[in-house]
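Each chain gets a letter, A, B, C and D, in the order it is written, and its residues are counted from 1.
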Amino acid sequence: MTMRLGRFMCGTLLASAAFGGAVSACELKIGVPAVLSGPAAQWGIALRGATEFAAKEAMEEKRLVINGVACTISVKTIDSKYSAEGAASAASAFAAEGIKVIVGPVGSPEVTGMKPVATRNRMVAMVNSFAKNSIGPEWPTVFHIGPGPSGWAAPIIDAGLQRFKFKTAAIVAPNDQGGTDIASVNADIFKQRGVSVTEEYYQRGTTNFAPIVTRIMSSNAEALDLASSPAGDAGIIVKQMRQAGFTGPIFRLGGPGTDEIARVAGGLDILKDFLWYEPVYMDDKMRALEQKYEKLMGSARPENSDFFRWTFAARMMIKAVQIAGTVDNAEKISAAMRTLPVEDEHIGKGYWIGQKFFGINQEMSYPFAIGVIQGGVKQPFIRADAVSEK
Amino acid sequence: MDSFIATGLIGISLGSQYTLLALGFTLIFGILGVVNFAHGGFYVMGGYVAYYCNVILGLPYPVAVMLAMLSMAALGWLFESLILERVIEDHQATLMVTMGFYLVMATAILMIFGAESPQFPFPVTGVWRLGGIYFPYANMIVLGACLAAIVFVYWLVYRTNIGRGMRAMSEDLPVASALGMRTKALFPFAFALATGLAGGTGALVTPILALAPHVGDSVLAFSFLTVILGGLGSVTGATCAAFIVGLIEAYAAVYLGGSKGALTLFALVLIILVVRPQGLLGREVRRS
Amino acid sequence: MTRQALSTSALHADRIAKSFGGLKVFNDVSFTVPAGGLLGVIGPNGAGKTTMINIFTGRLSLTSGQVMLGETRIDGRSTFENALMGLVRSFQQTAIFNGHSVETNLISALRFSKRDRSVLERLAPLLDQFGLIENWHRNADVMPYGLQKMLGLAMALATQPKMLLLDEPAAGLEKSERVNIDAYVKFAQEEFGCGVLLVEHDMEIIKRLCPSVIVLDGGRLIAEGPPTEVLSRPHVINAYLGGSDEEDSDVTH
Amino acid sequence: MSSHDLKPLPAETRSSLLSGHDWIALVFVAMTFLIPVFSTNPQVLSQTNLILIAATAALGVYIMQRLDLMSFAVPSFMAIGGYTVALISMKLHVTDVLILAAAAFLMPALCAIPLGSLILRLKGVYFVLVTFVLTEIVQLLLFEAGPITGGANGLVGMPAVKLFGFELWDNPHVLLTTCGLAVLSFAITSLFTRTFRHEFAAIETNDVLAESLGLAAWKYKAMAFSIAAGVSGLAGFALVNMLMTAHPSSFAPMSSVNYITYTIVGGKASILGTLIGALLLVSATDYFALSGEMSPGLFGLLIIIVTLVARGGVVGVVSGLLYRLVGKTTPLNTGETGHAAQEHANQKEGRP
């Protein structure tokens, strides 16, 4: 393995030599491979909005000053199309412009495609993906924006068990990497809590879930977990489950998007008892961040609440660049990143984790929230502390 | 037993929706010789037009469905007569043009309405139950509307002169033109009929499922499956195949598991093609 | 070609019948085209003549009966197998490879039938007479209809068939071009020793060329014999309903 | 027949091993070997890589176009080729690029034979639909056959390939591997289509006539399907090698639309068309990706415009213009398919 790392470094040294001089002393270019087309577009739009915001904020407030010069920060976004090639070619395009700092992409296939290219071209990246191999020791300059279900599923399930009684649960998720990786982790955690679990997978692109609903109903599950099913799919599943007479609590141990789920399902009444992972806890500080975005960017923040995490990620990246004192040395920026405490002025404090699950301590863990709807009424969010591995 | 019956109901609902889509698809193929890659686009856009009329403008839902149907028929008419007509002789060019048009439509929807699903509820709620069998009233109404639309298409195709003309063309275009039919005059009409049906189906079905810019992709795949199974150009074949596809999808998904359902369906279609390349009710595969 | 080879290549239809669904196209028809011989087939439109050719070549299957070429049963086999055995047809309309030169068309015929260029040398006088040699490098589908038609016939002959099935070779040709058909049929018989089954509406050609004809009507074989004699039989004239009109209207279709 | 005044048979037209377009395409593809010499720009290398992979994949469409068949099956065979290579190198630790290339070609080509014997009885639009369904099935199988294919996660972490023991691992080396596979594919394709050009042209324009002259059309269709599958497999190898990963999302059913688009927009009548089409459209995709949400729509618009305005594709239009300048009347020896299709319909025999 070390042999291969060495090879990568050699090659990337050669490749970067051509560009070392091309980048001006203080201009940070951030590459954003974001999915902007197809069903996952809203995730990409949140990523793009957050990074552009963080860049503008840092420039206005002179947060990035290297050798006494306030740096300009530009963001270049390329549609990574939620596919491996899309992200790989986006990463190559960034490399061509001498961009060494990447924030994104969103999805597992994209991360899979981008990682080799980013490593070959010696880039530092903060990625999001729930895949079991999204980061690892073979990708030393790739960081992970936030924990997967291994980090936060347990507190949410506990919160659910406190409020509702259930001994069996069904997990439904798409049958691709984005679905199976999460569902299997969730299943393990349910089982640790003494809940027996059935897993149901569907083909991405399914529009009518009535057959799957029938299957779940006949398994007599008392609770349902939508895992990482896209919000639109999750909405139909909830609607059809309730129509079928399902009355138990519903978890969404997969990500934000509850508003969209409620819209598709037909309102909060239909969700009835619903718990979900909200990546950030909405408090006054967060609302201040929303307002700051509106003031700075002149429009409301992107609807998808992943916006907050990406803001965190982009700010961490800029901080790491500041400490490293270089805008184009991935190793130095990575090293600086590892020394940084996980902390954000709006989101709060957390830890670096990941050693146990990925074998590398490069995953950000920070406070999150448990969203609860009970009896069709939205309850205040429950603040959950950052999960630590210690 | 209950779940067996419930699954049958799901299959029939699916079947009626697929029928409306497949009828349009198969008419377009039979009459114009065109595989319409944009079919799913008309379905989604119909859904969004109905959403706009119903939710944003506040028009009654049935009016919104009619408007969706008419506007998609109009768009289909324009597309056929302005663009498709120019390349109608070259089946590969028609493929490219409809494919391109689908991309344009999907992008237009994304730009106008955004990527997230809007709230587009069906005006009627409530569920009919009998023991373990249940059937939402909304689905019942949609099923009824779909069946009515199927009857309308049959009436049009089998009882009117224009329909007889279309059928003759769809069964044997060269013979029909040899008999002196003004084949081309029917092209935009047939295309508009098909896209109007797709738009209407979208307006009916998206509120009971979900409305999002990408839901047209799977419509295309299922229309393909249905017409392959039924025999391209055959109206009755498409209808039977749509119900078979719906039932198999439902039963396979329920008894074998979600993702196996699709695999079963695809495998079955492949087998049918091998055994009976012309489809269940298709005429013999034309020679040259 | 030796006597022996010729004797194995007679075409023999034995009580053949064909129906599509319930519709009988023809029923219980038997006849023989001797090796190297010539048989004319006449009959009004819809008599089943082209369907018969399609059955002989293998494009359609028989409902009952059998077709023999020499000692081999050929119905129901694939077209190319029968062609390689020496049973080759021509088409009513022009049948050439569009967008390609006369030369490429003929070379293709040689390649597909596994013949070599020497066949072309033997055909040269005929090609010259039709006017194909002066159009040798022209794109075939921009040539006049008559030339395209003769090219199609020449391609059929270039495969050196034992038995040629000609489906209305004169259809669509000008009166002045029709002598080419006589030359073609004679050439095929004399130079290549082909047997010929000639389906034709032009009674002049039939009378000029065929020692014997069969008459099909309503799917039955209603008469057989020398053309002048057969054509004077009342029921044959009846079948044609004033045959000369029919002939003209068919020719111009 | 008398022999006076006979015009002699014109001398046989000798044809070269490859046509002009074949040579131009081959030389162009071979010239990409030089790119790493002149540029280490990762963007240039990656673009060239993507263009070559796209062009190689589009050859699968081009070959079937010789028979007037529109194939959506390219991603299926790319997947078979790509996964075969990933499995061999990861499970059996064979990393020799020559062995892997042979496997990437043969495995899909062999799979295509039984499939082809089933599918090739179908004509025109049926073939289109069935190949479309085939890609959907292969995609589902990649997910369902987890133990072999890694399921949704794919096979990650392919080792670098070797040529005579020399490791090809960095950006330029990856491009060189892709170049080699592309040159191989273009050579196979042009030799194959050129050798059987009479047969293919005959089946494309009038298969009934071809069969009636003794041509076993199905043999050539099956052969073409198999070779097209093999070439697609090589493209799959190049793609998997570039990503170091065999992942189901690389072989998505809808990607077949891209390969068809490259072929048609570039000009389906010439092998040069696939190269030009891939070059133009991959660059355009890259350009449009910058405009985010708009990109698929702009791509769609481009497809419509090219199809409406330039029916012979880019190559057809350009060579048409060139020939007009030179003063000849026939644009391409392969002819106008639209017209041929029309003739085709006319030749359809009515039953008596």
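Heads up, the rule we're going with is that contacts are C-beta pairs under 8 Å (C-beta built on N, C-alpha and C of every residue); 3 or more make two chains touch, one makes a residue touch a chain.
Keep in mind it's a predicted model, so treat the numbers as computed, not measured.
S.K.: Would you pick out the chains that touch subunit A and also touch subunit C?
M.R.: Touching subunit A as well as subunit C, we find D.
S.K.: Whose Cα centre is nearest the centre of all Cα atoms in view?
M.R.: Central chain: D.
S.K.: Name the chain whose C-alpha centroid is most distant from the C-alpha centroid of subunit A.
M.R.: C
S.K.: Measuring centre to centre with CA averages, how many angstrom lie between subunit A and subunit D?
M.R.: The computed centroid separation for subunit A versus subunit D comes out at 38 Å.
S.K.: Report the inter-chain centroid distance for subunit B and subunit C in whole angstrom, where each centroid is the mean of the CA atoms.
M.R.: Averaging C-alpha atoms per chain gives centres 47 Å apart.
S.K.: From the mean C-alpha coordinate of subunit C to that of subunit D, what's the distance rounded to whole Å?
M.R.: 41
S.K.: At what distance in angstrom does the C-alpha mean of subunit D lie from that of subunit B?
M.R.: Chain centres of subunit B and subunit D, defined by C-alpha means, are spaced 32 Å apart.
S.K.: Residues of subunit B touching 2+ other chains?
M.R.: Residues 107, 110, 217, 221, 259, 262, 287 of subunit B each touch two or more of the other chains.
S.K.: If I count partner chains per residue in subunit C, which residues reach a count of at least 2?
M.R.: 59 - these are the residues of subunit C that touch more than one other chain.
S.K.: Do you know which subunit A residues sit against two or more other chains?
M.R.: Expected reply: 37, 41, 175, 203.
S.K.: Sort out which chains touch which and give me every pair.
M.R.: Result for touching pairs of chains: A-B, A-D, B-D, C-D.
S.K.: In their shared complex, at which residues does subunit D touch subunit C?
M.R.: 1, 3, 6-10, 12-13, 198-199, 201-202, 205-206, 208-217, 330, 333-336, 339-340, 343, 346-347, 349, 351-352
S.K.: Quick check: in the complex, which residue numbers of subunit D touch subunit B?
M.R.: Per the stated touch rule, the residues are 70, 118-119, 121-126, 128-130, 132-134, 136-137, 140-141, 143-144, 206-208, 253-254, 257, 260-261, 264-265, 268, 293-304, 307-308, 311, 337-338, 341-342, 344-345, 347-348, 350.
S.K.: Residues of subunit B touching subunit D in their complex?
M.R.: By the definition above, subunit B touches subunit D via 29, 33, 35, 83, 86-87, 89-93, 95-97, 99-104, 106-108, 110-111, 173-175, 178, 217, 221, 224-225, 227-228, 232, 259-260, 262-263, 266-267, 269-270, 273-274, 277, 285-288.
S.K.: Can you list the residues on subunit A that touch subunit B in the complex?
M.R.: 37-42, 45, 172, 175, 200-203, 205-208, 210-212, 214-215, 217-218, 231-233, 235-236, 243-245, 260, 263-264, 266-267, 303
S.K.: Spell out the part of subunit D that touches subunit A in their complex, as residue ranges.
M.R.: So the residues of subunit D in touch with subunit A come to 40-47, 50, 140, 143-144, 151-154, 156-157, 160, 167, 169-171, 239, 242-245, 247-250, 252, 286, 289-290, 292-293, 295-296.
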